[in-house]
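What follows is a short report on a single structure.
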Amino acid sequence: MPTFTHGEISIDVDEDGFMQEPELWNEEIAKALATTEGVDNLTDEHWKLVNYLREYYLKFGIAPMIRKLCKETGFPLKKVYELFPSGPAKGACKVAGLAKPTGCV
Amino acid sequence: MAEDKKTPEELAQISYRPPGKTWMDSTVEFRKGTYNYGAVPASAAYMNLPFPRKWQPTNEDWNLPEDWQKIIFEGMRERLNRYRSFRVFMDICVRCGACADKCHYFIGSGDPKNMPVLRAELLRSVYRNDFTAFGKLLGRFAGGRKLTIDILKEWFFYFYQCTECRRCSVFCPYGIDTAEITMMARELLNLVGINIDWIATPLANCFRTGNHLGVQPHGFKDSIEFAVEEFEELTGIKVEAPINRKGAEVLFVAPSADYFASPHYYTLLGYLALFHEIGLDYTWSSFASEGGNFGLFHSAEVMKRLNAKIYMESRRLGVKWILGGECGHMWRVLHQYMDTINGPANHLEVPVSPITGTRFENAKSTKMVHIAEFTSDLMRHNKIKLDPSRNDHWNVTFHDSCNPARAMGLIEEPRYVIRNVCNHFHEMPENTIKEQTFCCGSGSGIGTDENLEMRLRGGLPRANACKYVHDKYGVNLLLCICAIDKATLPPLLEYWVPGIEVGGIHEMVGNALIMKGENERATDLRGTPTKKVEEGKEVTEDV
Amino acid sequence: MYDAGKVITGIIVFLILITFPFWFNAASGRATYKPDPEIITPDDQCVETAEYMKRNHMDMLNQWRDQVVREGQRTFVAPDGKTYELSLSNTCMNCHSNKSEFCDACHNYMAVSPFCWDCHIEPQETTYGYK
Amino acid sequence: MTVIISLLAAVTLILIAIIGAGTLGLQYLFGIVIPYATLAAFLFGIVYRVVKWARSPVPFHIPTTCGQQKSHPWIKYSKLESPFTALEVTGRMALEILFFRSLFRNTKVDLKKGPKLVYGSEKYLWLAGLAFHWSFLIILVRHLRFFVEPVPFFVAALQTLDGFFQIWLPIIYITDVVILVALLFLLFRRLYDPKLRYFSLAADYFPLFLLLSIAVTGYLMRYTGAKADLIAVKELAMGLLSFRPTIPVGLDTIFFIHLFLVSVLIAYFPFSKLMHMAGVFMSPTRNLANNSRAKRHVNPWDYDVKVHTYEEYEDEFREVMKAAKMPLEKE
């Protein structure tokens, strides 16, 4: 299984670079993971999204509905893609240390 | 994926001319974009699958169990004795080639081993070598191959490049169904611990939480409640969406993506609107919160293990019958397997629509009705008021999902529904719809991103037919009744034919449904302004 | 679900059909029958050997007809140098005068229906005083 | 390569017959022993194979539906493509077996610039397949004149019909021409289409060469100077069928070649792809009614599996369910 290293940080990730142990997540890791998504600088808007995902995840153990994410952060889906070019699931969730959703999605 | 993405023009450079050398000893190259990742050990272990381990197809050494060949042969013998389909299909193919260019993966890739006949030969050659007299005697000359690690790798590669869509079986003069062969091959691979993660992890999720996504009960409730709230904002109507309610008449089971992903979500809003308007006495279940069943793509045993919850939950909740949502492979399991694997459902009653009184004789044993059957019946009896002009901003076409079309024969019901709620409906060319429909290219548990290139290739025939109606009639919305379609067709169409969105038929029903006490609808369920409103706007602006 | 009944029925039907000749012949009682074409007014010899005639008489008759009808050629020179008139009625049937005992014997046995008698009048066998 | 090997195999068989029955004069072997042995292998082999298939059950109800299901009375369902009753299944099977319904659907795909996929109708395989199989059957029935006495009316009627055009003497049978053309087409198609050539095995070419050889030796005996003594042929056949085998006088080498090739064909039959003849009846995607929700199908080897019960589920999630005010079995 691959390891992701960035500066001081070294974590286990899966084939697509998602964290294997989401409980180890912290803001430094988020910054580091963001670089793999072509986001070198996490702005307040990025953080708003990431934090929302994080909170939801801690409560429900999974990412929220995309529709809910958009509504509750106030970002239309287009905006989410602007912030994280590979999208809410592959981009934002990865930075927030969430696992990939699986199934018919 | 993003790094070496090919343009549609590049990807469409396909040659159907096979290479000069024989197919019998070529080896597989695991190139990024064409294969799926190995199962995460935790998921495999949770499902008690054999030999869970860290493993990727690109590894030179697959860490197979010591006696893997013996395991495969034993597994083959067992399955040959259990499945007449397997035995007969191993024996009677005449290699006439009628199936060859019927497979979407062959059309999209030109890889000769994606011809259904040759895909089956990959397995058949080993069968011949070790299970038939001629093969034992003449070996390679009789088309037999000794099982080697390269052949196992080839099985993995090509049997996870088959979506079990059954299109080839429609054309086969003996009805040889590659889906059956792929199922057997996948079961054999599972026996030596070879699984893909996009199937194994949904299995584990589904077993634990009731759905492939792993949505826990409170998360399920949160999502449904969110939809209820949003629906109220859109229409001013607060619908009831009971969860785990005992004593309801009907249990409603939908694919989990309907309450998680877009554009599935709009279909969910459609269900909610319809059930409210007709006053259906129903309940959702957080336990039976998945109609889909990735077990179908893994093994008969796991399919049964996952499917069991539907009847168990209907018994616990004391409902009379079960209604099922828009999903493709889910309906293959419900229509062709559920009664056999987990029936008989004697705790339920023959389904009767409480609104029209129609008795669903065709579902009298399984006691589960497809929502397209249910809704078309409502429409036939004029039990709901509809304003199809609310969908006038959509020029729609309908994509028959493989399983409802070829394993169920559900062809006219969804069309009847669409004709009642959409004024602009155009069929794709005849060779690409109904029983000849083309797969989205991502079915059977391989609709993930690591094999995107193969998905785009496999989806080419479908996308190309969409392009035809897009160019000819200005079609801008593809309707379908499958959650995998809804998930995988948007990126596919975006790639091959930008300008077509994807939706479900009950989204259209939700749009067109005239509800008692509703606000004037300025937008459809997705928030897109309806044509009426748009035209109205232009008029006022002109003035 | 084995559908054993249907499979067994299928096998039995197949076996009955495929063994049709065995039981048909047993039932008809003619399994050992062999045609014995009889020549009632024998000349010394035929235009060709019997062995040749057995296999090729139809070709010969066909040629004769073409020669007579299309070319007006009416003489046949046999391998031994003897000449004959090309005529079914006057040459062949001199010896093979009894259609039912001679021609039909094999033709019926082999289910051959030659079209000789489409044009030629069938011989009035009784006029030969036989039987 | 596989083509050449298959061709060589057919040629070898012919040589075996020439040397065996001709040069060595082993007429008893080629005329009696081998036909008996191969016929026994044929009958035993077919029954054995079918029984072997039948011993594996059909655990699941898996018809491929090629048309509308029976649901609402006001939607016309496709009785022959999505049959609901046993009678309708029989209809579907009859269409499939007698007229190759599924193959009739065949299309071919073309990738044009654009990319643009175009689907064209492709009926040649269907036509050649149908032509071959029907001709083969008719020829087989016509051959009954060698095997039964008296010759039944239908054999004579079939001969008349088959010789309808009355060309040549002996009359050329339509099926004799059709089967040759069909076989040559099927062979040509396999060699010409690179896809087919790629996956064709020796087992695909060999039967074609064998059938062609049988046909050609048959033609030689009927239409050319190598005419057979039919009475002798029938005498041999009748002797075999009445278990009083004799070798009559008058059988030529060409006949023994023909007979030997046929013997090889029937012996080869049960152990080869030619078993599709029986298999087509037993294909579960075609011979089942699409009524699985109306009538329960039983899996004879069904076994209990480990399931996840609601109780286990609630035990795991009770706290969060309680917090979300969801109904519980146990508080």
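We call the chains A, B, C and D, going by the order they appear; numbering starts again at 1 in every chain.
Note that a contact is a pair of C-beta atoms (placed from the backbone, for glycine too) under 8 Å apart; a residue touches a chain by one contact, two chains touch by 3 or more.
These figures come from a predicted structure and were not determined experimentally.
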* To do: Kindly indicate the chain pair that has more C-beta pairs in contact than all others.
  => B-D
* Which whole number of Å gives the spacing of the CA centres of subunit A and subunit C? -> 93
* Structure fact -> Note: subunit C sits from subunit B at a C-alpha centroid distance in Å of 68
* In angstrom, rounded to a whole number, how far apart do the mean CA points of subunit A and subunit B lie? -> 27
* subunit C to subunit D: how many Å between their CA centres? -> 36
* To do: Quick one: which residues in subunit A touch 2 or more of the other chains?
  => none
* Do you know which subunit C residues sit against two or more other chains? -> none
* Asked: Could you say which residues in subunit D touch two or more other chains, in rising order?
  -> 54-55, 57-59, 282, 297-299
* Structure fact -> Chains touch in the following pairs A-B, B-D, C-D
* Residue ranges of subunit C in contact with subunit D within the complex -> 1-4, 7, 10-11, 14-15, 18-22, 24-26, 28, 30-35, 51, 54-56, 58-59, 62, 106, 108-111, 113, 115
* Contact footprint of subunit B on subunit A as seen in their complex -> 1, 14-16, 59-62, 64-68, 71, 77, 86, 90, 101-105
* Asked: Which of the residues in subunit B end up touching subunit D in this complex?
  -> 8-9, 12, 14, 16-18, 23, 48, 80-89, 91-98, 100-102, 107, 112, 115, 117-118, 121, 132-134, 141-143, 166, 169-177, 180, 207-210, 216-218, 221-222, 243-246, 286-287, 300-301, 304-305, 308-309, 312-313, 316, 334-337, 339-341, 343-344, 358, 360-366, 368, 373, 376-377, 380, 405-413, 416, 429, 431-432, 434-436, 460-461, 464-465, 467
* Interfacial residue positions of subunit D with respect to subunit B in the complex -> 5, 49, 52-72, 74-75, 77-78, 81-82, 96, 100, 102-103, 105-109, 111, 114-117, 119, 125, 129, 193-196, 198-204, 271-273, 275-276, 279-280, 282-286, 290-299, 301-302, 305-310, 313, 316-317, 320-321, 323-324, 326-327, 329
* Structure fact -> Per the touch rule, the subunit D residues reaching subunit C in their complex are 43, 46-47, 50-51, 54-55, 57-59, 144-145, 147-152, 155-156, 159-160, 166, 169-170, 227-231, 234-235, 237-238, 241-242, 244, 250, 278, 281-282, 297-300
